[in-house]
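The same chain A turns up in both complexes below, where it pairs with chain B and then with chain C.
Up next is the complex of A and B:
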């Protein structure tokens, strides 16, 4: 009996931490989304309750559909390509070859470089006139005019997605690589003995046994991607002309450029709703997979 | 056991002594979007250091500590600090943000101190207007600036060109330069078209000189101004990259552009770079029309949460800063122009090249009253979003400003409030444009 009470006491610091760092800000933001909060009322108090009005203005905002589209492009583009590249790299590194450990560390480089540094480098990469990519393409004669990677309202979000792919590869690589290590070698050996080819090994042994890891990687990867803010903000600032905003950057600009904190909170609310729907969908898919 | 107690007591005593020794000096924390330090190379930052250093030498018991926040983040950061009660003692906001910040309770009321000081009337009308919130004086403006046209004298001489004075001349010069400079990597003109206040600020001279208003962007005068910029971008006279440029000196100094719209704050850097340059006022819409520019410059304000015993020393720093001689020294070091009549001849005498900026400044307009006062920040954000879309070719100038105008109208709570703001902006513009 005494032992159990002590258990709860040990949990207390973690619970308090969660409460203050997670639960309280969540509820603060949620209640802010139902109020009209401006620069003045934020610091002086007295924000009036306006019910669903913020959500209505968000959904009716002409930028909203564009933002949803951008977020979709960003999410799908990032997650799928990151996953494929991470998977291929994981397969590659499970073989042994000279300097395997060295190259493996290089794959993790995007995680180690501070985002301000990688963001600045990407900005230079994609710069219109003096950027590395345009200089290469122009030099090779593949294009005749520099491509406006970051300054074209249509292209900007795809450019940001490209940069984010690079940033997300380490996560996918580590998850899948670790998962691969857990598959017993004997399975491969016995399949090889029976004459299976390399791609058959991947298709019939690796992928089915890796299913839980794949599922987890995709889910976590999706959640992390939808929450991404910094790389898009540093590269495009949501521009030009708000054409490359995703949900997170749009919410930020509503708060700190337009000082409409209530609407900002409603965009966050919409984001959380979308993530929850995504989570439910994925759980549903998983149940299907299990049933197979 | 006794040894431990003695050690603890000694530590406590040392701590107390250290604490009281530290508090013998008064520290004033100063936040701005300049990276102020003894090694600063950006002229305005170096100028701030020069003033602080001079003051600290004359007042050895005061230490001024500088905090740096980037331009786009200063106002958000100040809002966050106001919420947590952690504002630095002195806040140097860009002048169009002052009234908004005053409404949010950022500032300490300076009115009684200013009245006692008695030098308020030496400041220009527009300046006084920009610093007064509901009859309270909330900040001082130690220097101002605006924009003009820098151009490369050597390149103009090479092709036999004269600096443009009207929009038509600007387009003609650009067309010729575009042809002659093709393949060299140099563009005819550079502007700051990034998604911050800098874009609205660079666009305003063209808008206002043509009789346009931020609150009536769907009128022909405003659309014509945007069409000029759109033409400059579409014809390739301005590089597409300008959509990410701020008002730094690099494009001009680095030889990426032959002309650039920029302010006096880069003058020290341009001189250092050893270029052959000239400065002319912004081209007017047509011959004989007056150029109306927005008022720039960062303010000095005392925060509302400052400790009561520090107010006197902070105010002492302010009055020291805006002394005519000190203001003149600050302006020439920073590349700014003065905000009070008695400092004007001192500055022009020290640095005659600041003259175009100094004269433009006398009749420059503060931005908030031209864009709905408190709503100016949002009006500016909407305007520049659509300006960028038009410059990037997504929308025509007419459509872009039609959208912008309706979004801006929707910001006002009542139609009467909107009409009042429109009338106010028109009145101010007429006052200044008629050359009074």
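Up next is the complex of A and C:
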């Protein structure tokens, strides 16, 4: 066909966008992580090269271990509970019952509410004296004094994880629900004829056939969870003190509250390393899946 | 069939419990905006507002008008930019005979972009917009988010076009002497309309909900989008939860409405971008 070379121009918008928001930020952060950058040198240039000193001070920062621990709690807590709830919902909604179609839209709702709204609502829910959760528990006589959901340095990250679980249910639900639709119904019918019980159907038909989707959901869910910023930022701001920072919020506060851009870039470096590992896992899972 | 009837009923009850639990945050935000502070703090909480009032909605509405308008503007511009550019890329990826390595490289870039956390874009992009004099200008937010949306939405559209638009239609247009652009405009675009609507809404919501970039790029109060304004009110109104929840409800209503009408399509659109 004539002029086929020009057809590459169609891809140009995506390439330019990726250069702007992917390649350039990656390399800029990388070089910034080897420099000592203040707000003045950020905008005017001339920040000195300091080698690995940013990485050293990040790793030796007492907050760092806490942040790693928080990220681990936040990640594992979110991904496992979201997955279990999403899976149960997907199993339920793949059967017929009244209002199924309408309810599905409601289950997806948390995905589309602005994160600042969800964050603020949960901030009220979990606040100490007038929070909805404490009012409920106190009113029912289950606790005798308010639980410091957000003000206790020990508890805050678990509270943030609870909020994030709510946010992640729609993604897990719809992934697994879509996966379930692809399983031929005859398989269940013939197993039922042979006298299999409901849980056996799940155990011996659903789970094995759904394995690729399950892996994909878990790995994608992990990547999304490591990337989370808004909900934690709105809910706790990384506080009290720096007790509930995860990697992303800590990186943000280092740059935009303390103006230590070099260390900020090194924290992003650590985050990217973690995400790259998950990204490789994702590629592996998808290749494995295609091969099947 | 009596057993199946009972099973349906049980499923319905269980699903209702789940749906109620999931809807609790939104429901209580709406009704908290209609209550006095003392009513909000009652133990155990009221399930319905005892004396519903619109006072707090009225009080916060004038303060939220400007921020909501800014968010709306940001969302509209991002959606339009994305829907202008992404179909071209989607068409290129799904329907044009280009070298596989080139397509693979573009898909690889889009894949990487989805791995990148937003916080790692903030500082480098801030610098660019600072040099361009676009800090405190909504265009910085618009351009940054649109640039993130275009590749992702391209992937969604490519997936849709690959399976939803038959190659024969495009080839017959070529035989009639149409150029690739002509085939794009007269065949692909009209057939891709449902996917374009999804794409438009998804990129609108990406702009409507943004907090991170707006927080850094916009310091001028009159330009605050709703997200940044809400963060500011949280600081200044402290524990006046009725005002804050009224503001939150106003900000959440448009996307909630869209999600109730088109949530399933939007979700499958998002999935087709993430799984590919």
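We take it that the second predicted complex is superposed on the first by the 269 of 292 C-alpha atoms of A that agree within 3 Å, B and C clash if a C-alpha of one lies under 4 Å from a C-alpha of the other, contacts with A are read in each partner's own complex, and residues count from 1 in each chain.
Methods note: a contact is a pair of C-beta atoms (placed from the backbone, for glycine too) under 8 Å apart; a residue touches a chain by one contact, two chains touch by 3 or more.
Source: prediction; values computed, not measured.
Chemist: Mind checking the superposed model to see whether chain B and chain C fit together on chain A or clash?
Modeler: clash
Chemist: So, does A:11 touch the first partner chain B, the second partner chain C, both, or neither?
Modeler: second
Chemist: After the superposition on A, what does A:152 contact: first (chain B), second (chain C), both or neither?
Modeler: In the superposition, A:152 contacts chain B only.
Chemist: In the superposed arrangement, does chain B or chain C reach more residues of chain A?
Modeler: Counting residues of chain A touched by each partner, the higher count goes to C.
Chemist: Please work out whether A:129 is in contact with chain B alone, chain C alone, both, or neither, and reply first, second, both or neither.
Modeler: The answer is both, since A:129 touches chain B and chain C.
Chemist: Considering only the touch criterion stated at the top, classify A:87 as touching first (chain B), second (chain C), both, or neither.
Modeler: Neither partner.
Chemist: Could you look at A:29 and tell me whether it touches chain B, chain C, both or neither (first, second, both, neither)?
Modeler: second
Chemist: With the two structures laid over each other on chain A, which partner does A:275 touch: chain B (first), chain C (second), both, or neither?
Modeler: second
Chemist: Between chain B (first) and chain C (second), which does A:256 come into contact with in this model arrangement: first, second, both, or neither?
Modeler: both
Chemist: Looking at A:118, would you say it contacts chain B, chain C, both, or neither? Reply first, second, both or neither.
Modeler: In the superposition, A:118 contacts chain C only.
Chemist: Is A:108 contacted by the first partner chain B, the second partner chain C, both or neither?
Modeler: The answer is second: A:108 touches chain C but not chain B.
Chemist: Clash-wise, after the superposition, say which stretch of chain B runs into chain C: 8-16, 80-88 or 386-394.
Modeler: With chain A aligned, chain B clashes with chain C through residues 80-88.
Chemist: For chain A, which residues belong to both interfaces, chain B and chain C?
Modeler: 42-43, 123, 127, 129, 255-256
Chemist: List the residues on chain B that touch chain A in their complex, please.
Modeler: Against chain A, chain B makes touches at 72-73, 75-76, 79, 82-83, 100, 103-106, 185, 194-195, 239-241, 243-244, 256, 377-378, 381, 385-389, 391-392, 394, 403.
Chemist: Of all residues in chain A, which touch chain B in the complex?
Modeler: 39-40, 42-44, 62, 123, 127-129, 146, 148, 150-154, 237-243, 255-260
Chemist: Which of the residues in chain C end up touching chain A in this complex?
Modeler: Listed in rising order, the residues of chain C that touch chain A are 7-9, 11-12, 14-16, 18-19, 22-23, 25-26, 28-29, 32, 37, 40-45, 85-86, 88-89, 91-93, 96-98, 102-103, 106, 109-125, 127-128, 130, 144, 146-148, 150-151, 154, 174, 179-180, 205, 208-209, 211-212, 215-216, 226-227, 230-231, 234, 239, 241, 244-245, 248, 251-252, 255-256, 258-260, 263-264, 266-268, 270-271, 274-275.
Chemist: Within their complex, state which residues of chain A touch chain C.
Modeler: Interface residues on the chain A side: 1, 3-4, 7-8, 10-11, 13-18, 20-26, 28-29, 32, 42-43, 89, 92-93, 95-100, 103-118, 120-125, 127, 129-130, 132, 135-136, 138-140, 166, 169-170, 174-175, 178, 216, 220, 223, 226-227, 229-230, 233-234, 248-249, 251-252, 255-256, 261, 264-265, 268, 271-272, 275-276, 278-279.
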